[in-house]
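Look for subunit A in each of the two complexes below; its partner is subunit B in the first and subunit C in the second.
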Partner chain A sequence: MNRYFFYLILTNMLINVIIFVPKILIEYRYEGAVMGMLIAIPIGFTLACLYSKAITKFPGQGLPEIADKFFKHRWLTILHFGSIQLAVFSAGLITLVGFIDVLTRFINPEMPRLLLLSIYLIAIIFIIQLPTERVMYILEIVLFMNTPLIGFIVFKAFTSDYISWDSILEVGTHLFDRPSLKAIAAASYVFSGYANLVIFNRVIKEKLKVWNFVIIFFMGIFNLFTTFFIPIGFHGSDGAQEYLYPWISTSDSLRLVYSPIERVIFIFLLFYMSITLMSISIHWHSAFELFKGTFRKKENKKMKWIVLSAYSGCAVIAVMFLETILLNQITVYWMIARLGVEVVIVISFSLWARRQLA
Partner chain B sequence: MPTTKVESIKKSIMNKIQKAEDVVFKENFTKEKYLETYYIKSISDEQVLGKYVLKPFFEIQGAELFLDYLQSHPKISTFKTEAQTVESLLRGEAVLFYQDYIFLFDCKVDRNNAVQDTTVETTIQGPQSGFSESLPTNLGLIRHRYPEATLKVESSQVGAISKTKVMLLYDTRFADMDTLGRIKEFLANVKINMFQTGEQLLDSIKKSNRSLFPVMLVTERPDRVAINLSTGKIILLIHGSPFAVVLPTSMKDFMASMADIYQTYWVGRFLQTLRYIGLFVSIVLPGLYVATTSYNPEIYRVQLALSIAGSRNLVPYPSFVEVLLMLFMMEMLTEASIRLPKAIGPTATTVGGLILGQAATEAGLVSNIMIIIVSTVAISNFVVPINAFSFSVRIVKYIVLGLATVFGLVGVGIGFLLFIAYMVKLDSFGQPFLTLIQTKPNKK
Partner chain C sequence: MKSAVNWSVAAIIVIGSLLLTGCGFKDIDKRLFVVSIGVDLAKNSSKKYDVHLKLAVPSGSKQQPNEFTIVSEQADSMSDAVRIIKTKVDKEIDFSHAKMILIGEELAKQKGNAGIYYWLARRRDIQLIAWVVVAKPTALDVLKVKPKSEQIPSNSLFLAMGKDGSETPYILPDFLFDFKMRLIERGLDPMLPIVEAKKELFEIKTTSLFNKNHMKLTLNPEETKALNFLLNKEQKSAIWARKGKTRFFIDTQKIRSKYKIYTPKGKPPYIKFDIKIKGIVEETSRKIPNTRLAKYEKEVEKETNKFVKNVLVKIQKSGIDPIGFGLRYRSRHFNENDWEEWQKIYPKIVFKVDTKVKITDTGLIE
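The block that comes next holds the complex of A and B.
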């Protein structure tokens, strides 16, 4: 069992709360979200399996190293790298903008968003420049500290008296509605943590075992179920759609009776602060390393800072101009585009890898 | 009779050494032999010299026989170069001029070889004695605890003026050769005039930026050294210092006390957990106080929030000023109690801690809860067993505090994460400073 692979997938599963997956799913709860989820599970899982199988045929190598050895056409390489880069960068960007929005909304309503953004950017820029291996170590520590407690919160949610299983069953009866593409795209995001393998395959030195896939399969199902049904259980099948961030509002409905911090939302957000930061960092680290890989010959310090400031610039502009609703709408289309890009890249890459190492 | 060459070497050596009361040049005669000895009596042992050189000189009859004696004695080595001879002379060896030969006789006085009690890293149980200030004694202490044929000892010198003898110890089975190479390269490049103790290396380890945390462990315990040897660490012993340096070091080593393995398993685990909690508390608590009183008082349950606000009722300035003021006082107290003579120490703590704290609260300068927080921070800071690390941690809390002042709760969260990220970024001779699961260096 390779734990690094597991961490990458787990991070994405945890982060879907911030990146509007529950919001999108709940919006289509009467219009095919359930079926969409059921379809998304095999799709997402197959994509994850195919890609991780393909890339772990090159143990210890990220995409740039593989490209150096095998890729012949330069323009194809740039196109290939460029599309992945764009996908992972935008995933990080949406998470960042979304979370800054969450923070201003729930923790620091009086603070300017750009100020909040600045501390995030400092931390992110610090982390993404580290070697891949070190980024993984930080991720491991962060997950180690936070996941058990988030698990506890989920446990509290499941065992809460205020969860209405009738609402969940009610939504469940919409199982056979015609699935909506948006829901499929959103739900398949849960599995797409494998995308970061393009770079993080560097730290995975051995072949992945069947266990890895079994675990992520069941975790994915559990995660989707939790993401979708817990807010519905708490807010009712109609009420759930009223919230911009259903999960964060749900965590505010929870109460730890004997804890000095009574409102779960603060604990929840404190944990998510670091998980979000790490999620953005691993996405942007992948993008950054891919960029460096594209122009491997001409790598220099100036270039590095230009790229980093371009990233920060994008983040600043995005935070300035995207308000929650707009970001939400963009995310819906981004999810669909992402799914498309993923399918194309995964299939072409795995076919190529199979032919290369037949 | 000495040839002219030996004569000229003798002249030149004697010219290099400045005349002093303790520089001795002595000529000895018997019927058939003539021996000259040249040494510095304050650092050479004259009794040893008398016993092994002068006494045989007068007892052994033939000139050739005495030469054989000199050549076969294990403490006597032959002349190599002039510079080396001068150096050995300055380290306490005696130079013997006999016939056409020049010999060096090792009769150094080994001062400060008394084994000291541990004072910095004390434990309740387990071995209580630390290192001495003498290199051979220290080496002996380690060999006693680590009787393995694979223990390798290499000597070198550090320091342009002090020319301090340094020994590099490692177990050839476990030590990582890459790391060893890096350490040797590092030692060769250290530019220090006066090298007196291992702690000086802490600063020169990085040329470009100064790291906030020590990346080498300085310890006074031979048992710690022995344990570290068996896990593949490389040990540096420095002449004249009762501290050994352990390389490479990870954060886990700084959080480990030798007491952990001298206790039962669960007690050890408990103590270790306690230390990590202490570390966390001492870093985060001041920042958390500022963030929760000034930005998000609603985070606590109502009663708690009210009692904090109530205790801050009299305080006329924002929470971060209050925290800074108290932390500043506490740092002063800590610093002063190190410098104070042992007899006055407790008085200062009482005056500072109890009376000042009490008075400050009553005067309405700081809140009651603030006093509790500051003392918690101070105490939990010293739970960290290795001093060098606990001093670094003292600085980190100000960074978190600063971030909390500007960014509130987010500042605390991100500040702590940055602290972790920084530690992961650091490396100690190629080994990462902080990882969750430490890979064993002894890969076959």
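The block that comes next holds the complex of A and C.
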């Protein structure tokens, strides 16, 4: 059991609440979301397996180091790096914009968004420049502190008196509807934490054992069904799709009578603040390191700050122009594009790795 | 050199963040906290609603903590009313502690008020775990009640609903999120407890049942209790029965009920309820010998069967479904038109109730 690998996947599973996965799935609950999820599980899992198997054949090396040794074509390398970079960067960006929106909505509506964003950006920019190992350590600490408590909230949700199992089963009876591509793309996101292995393979010094994959498989299933069915249990099979953020409204529907704060929503958001921060940071760290890897020969200070300010600029523009509904629509298509890119990259890379090391 | 560059960058960021205009955070002493929201139908006015906000008045001394004021405004919509109420008070109105929503009885009986119910869920600052109740005679009357035992404004209602204080089978509390879900879930209709204002206390013992847009039926206390049995909400309850001339009460410790919908081909569909009750005799008008408890159990079973069935039929007659039979039917059928099917089945469905009672003992004395 390699815990670093596990953390990467776990972060993505936790963060799908912010990145509209439940919203997209619940929207298609009568139009093939259930079947879509059942199809997405093998797809996502296979991709995760193939890629992690392939990249862990180069223990302790990220993609830039591998490229230095083996990649011949310069332009192909740039294309390869560029597409991954774009994918992970945009994943972080969507999470960031989505979460800034959540924070302004629920925590402090009077605070300007850009101020909130700048606080986040300062922390993110600080973290992504750290060496990969240290980013991993921060991730470990954050997950270590937050995951048990989020697990507790999920447990409370499952055992609540107000969860309607009949509503959940009602959505379950739409199992045989024709699956929708959007639902498949959204559902497969829970497994795609492995994408950060492009850089974070540096900290994984051994080959992954079968156990890792078994655990990830079951956790993925549990996570996906929790994500999808708990909001339906609380807000009804017909009503759940009315909520903009189904999971945040669900956390507001829980009551912890004897906790310091009765409303779970604030505890939930508090945990997610740090988890979101780390999720964005590992995505952007991967993107940043890949960028550095592309121009390894000519690395310098100026370049670094140009890239970082470009990242911040993108975030500022995105926060300024992306309204929640627009962001939601963009995310739907982004999910599909992401799945496409993932399939191409994973298959080509794993074939290449197999031939290289045969 | 390197560290100098780093420091200058850090300094620029810090100074830059100072330039961003300050946040609009208001201190707690500049806020007024709403503890309950009440809505009535407006009387003698061209406006539609009469909105009341019960505001907790913070006080410095511990001697008089239970101070509140009620600010009212008549308007055609909730948001209008709240905007105008803001002009009547000196501080910012904060809804984040509004834990009770009272709907006047007359308003609840009227059609077409979904706008209000949705306004509550749409606002980000109103908790979804606020309780929703129907207020009788009006929301204002209930808001004005100040029980002697109450320490914080509206707290006695919170305690009654939250089951932290009193536990009774006559209250079926409902949260805002559940109310909203029931408003649109096909096959599950809303039900809200009715809070009646008496002089210095509340009486919460009846339940109002809604169809998808207005209140249709009121259950009396005994019927409320029966509904409680069927929904498995509160275990501590009491039932009474009669055998010959003996009238006796049972204090229940455990009530479990489950149901199943049967749709046999060629025969009328029916719903079978299984209720298991376990309890002790708490009061009796004549002596009950321990050796003959089994016979008394039978009597209770008969009584409960009849009573529960009557309640179920009464609910069915008015065409509403607070227990969620329709949803259960939908969830067990894979076809697309299960809801249309159910609408044809429900009016003519038959109820069969099977109760099993176990009297463990007769209390401390025989």
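Note that the second predicted complex is superposed on the first by the 358 of 358 C-alpha atoms of A that agree within 3 Å, B and C clash if a C-alpha of one lies under 4 Å from a C-alpha of the other, contacts with A are read in each partner's own complex, and residues count from 1 in each chain.
Assume contacts are C-beta pairs under 8 Å (C-beta built on N, C-alpha and C of every residue); 3 or more make two chains touch, one makes a residue touch a chain.
This one's a predicted model, so the numbers in the text were calculated from it and none came from an experiment.
Colleague: Contacts for A:Ile141 in the overlay, against subunit B (first) and subunit C (second): which applies, first, second, both or neither?
Modeller: Only subunit B is touched by A:Ile141; subunit C is not.
Colleague: Have a look at where A:Arg263 lands relative to subunit B and subunit C in the superposition and call it first, second, both or neither.
Modeller: both
Colleague: On the A-aligned overlay, A:Met111 touches which partner chain: subunit B = first, subunit C = second, or both, or neither?
Modeller: So A:Met111 meets both subunit B and subunit C here.
Colleague: With both complexes overlaid on chain A, does A:Leu103 touch subunit B (first), subunit C (second), both or neither?
Modeller: first
Colleague: With both structures placed on chain A, which of the two partners, subunit B or subunit C, ends up touching more residues of subunit A?
Modeller: After superposition, C is the partner touching more of subunit A.
Colleague: Could you look at A:Ile325 and tell me whether it touches subunit B, subunit C, both or neither (first, second, both, neither)?
Modeller: Neither partner.
Colleague: Once the structures are superposed on A, label A:Ala123 by its partner contacts, choosing first (subunit B), second (subunit C), both or neither.
Modeller: Only subunit B is touched by A:Ala123; subunit C is not.
Colleague: By the touch definition above, which subunit A residues appear in both interfaces, subunit B in one complex and subunit C in the other?
Modeller: Dual-contact residues (subunit A): 108, 111, 115, 119, 122, 262-263.
Colleague: Considering the complex alone, what residue numbers of subunit A touch subunit B?
Modeller: The contact residues of subunit A facing subunit B are 103, 107-108, 111, 115-116, 119-120, 122-123, 126-127, 130, 133-134, 137-138, 140-142, 144, 259-263, 266, 269-270, 273-274, 277.
Colleague: Which stretch or stretches of subunit A touch subunit C in the complex?
Modeller: Subunit A reaches subunit C through residues 105-106, 108-112, 114-115, 118-119, 122, 161-162, 164, 166-170, 172-173, 175-176, 234-239, 242, 249, 252-255, 257, 262-263, 301, 305.
Colleague: Can you list the subunit B residues touching subunit A in their complex?
Modeller: Touch residues, subunit B against subunit A: 295-296, 298-301, 304, 403, 406-411, 413-414, 416-418, 420-422, 424-425, 432, 434-437.
Colleague: Please name which positions on subunit C make contact with subunit A in the complex.
Modeller: Checking each residue of subunit C against subunit A gives 5, 9, 13, 16-17, 20-21, 23-26, 124-125, 127-129, 162, 164, 175, 177-178, 180-186, 188, 233, 324, 327-328, 330-334, 338.
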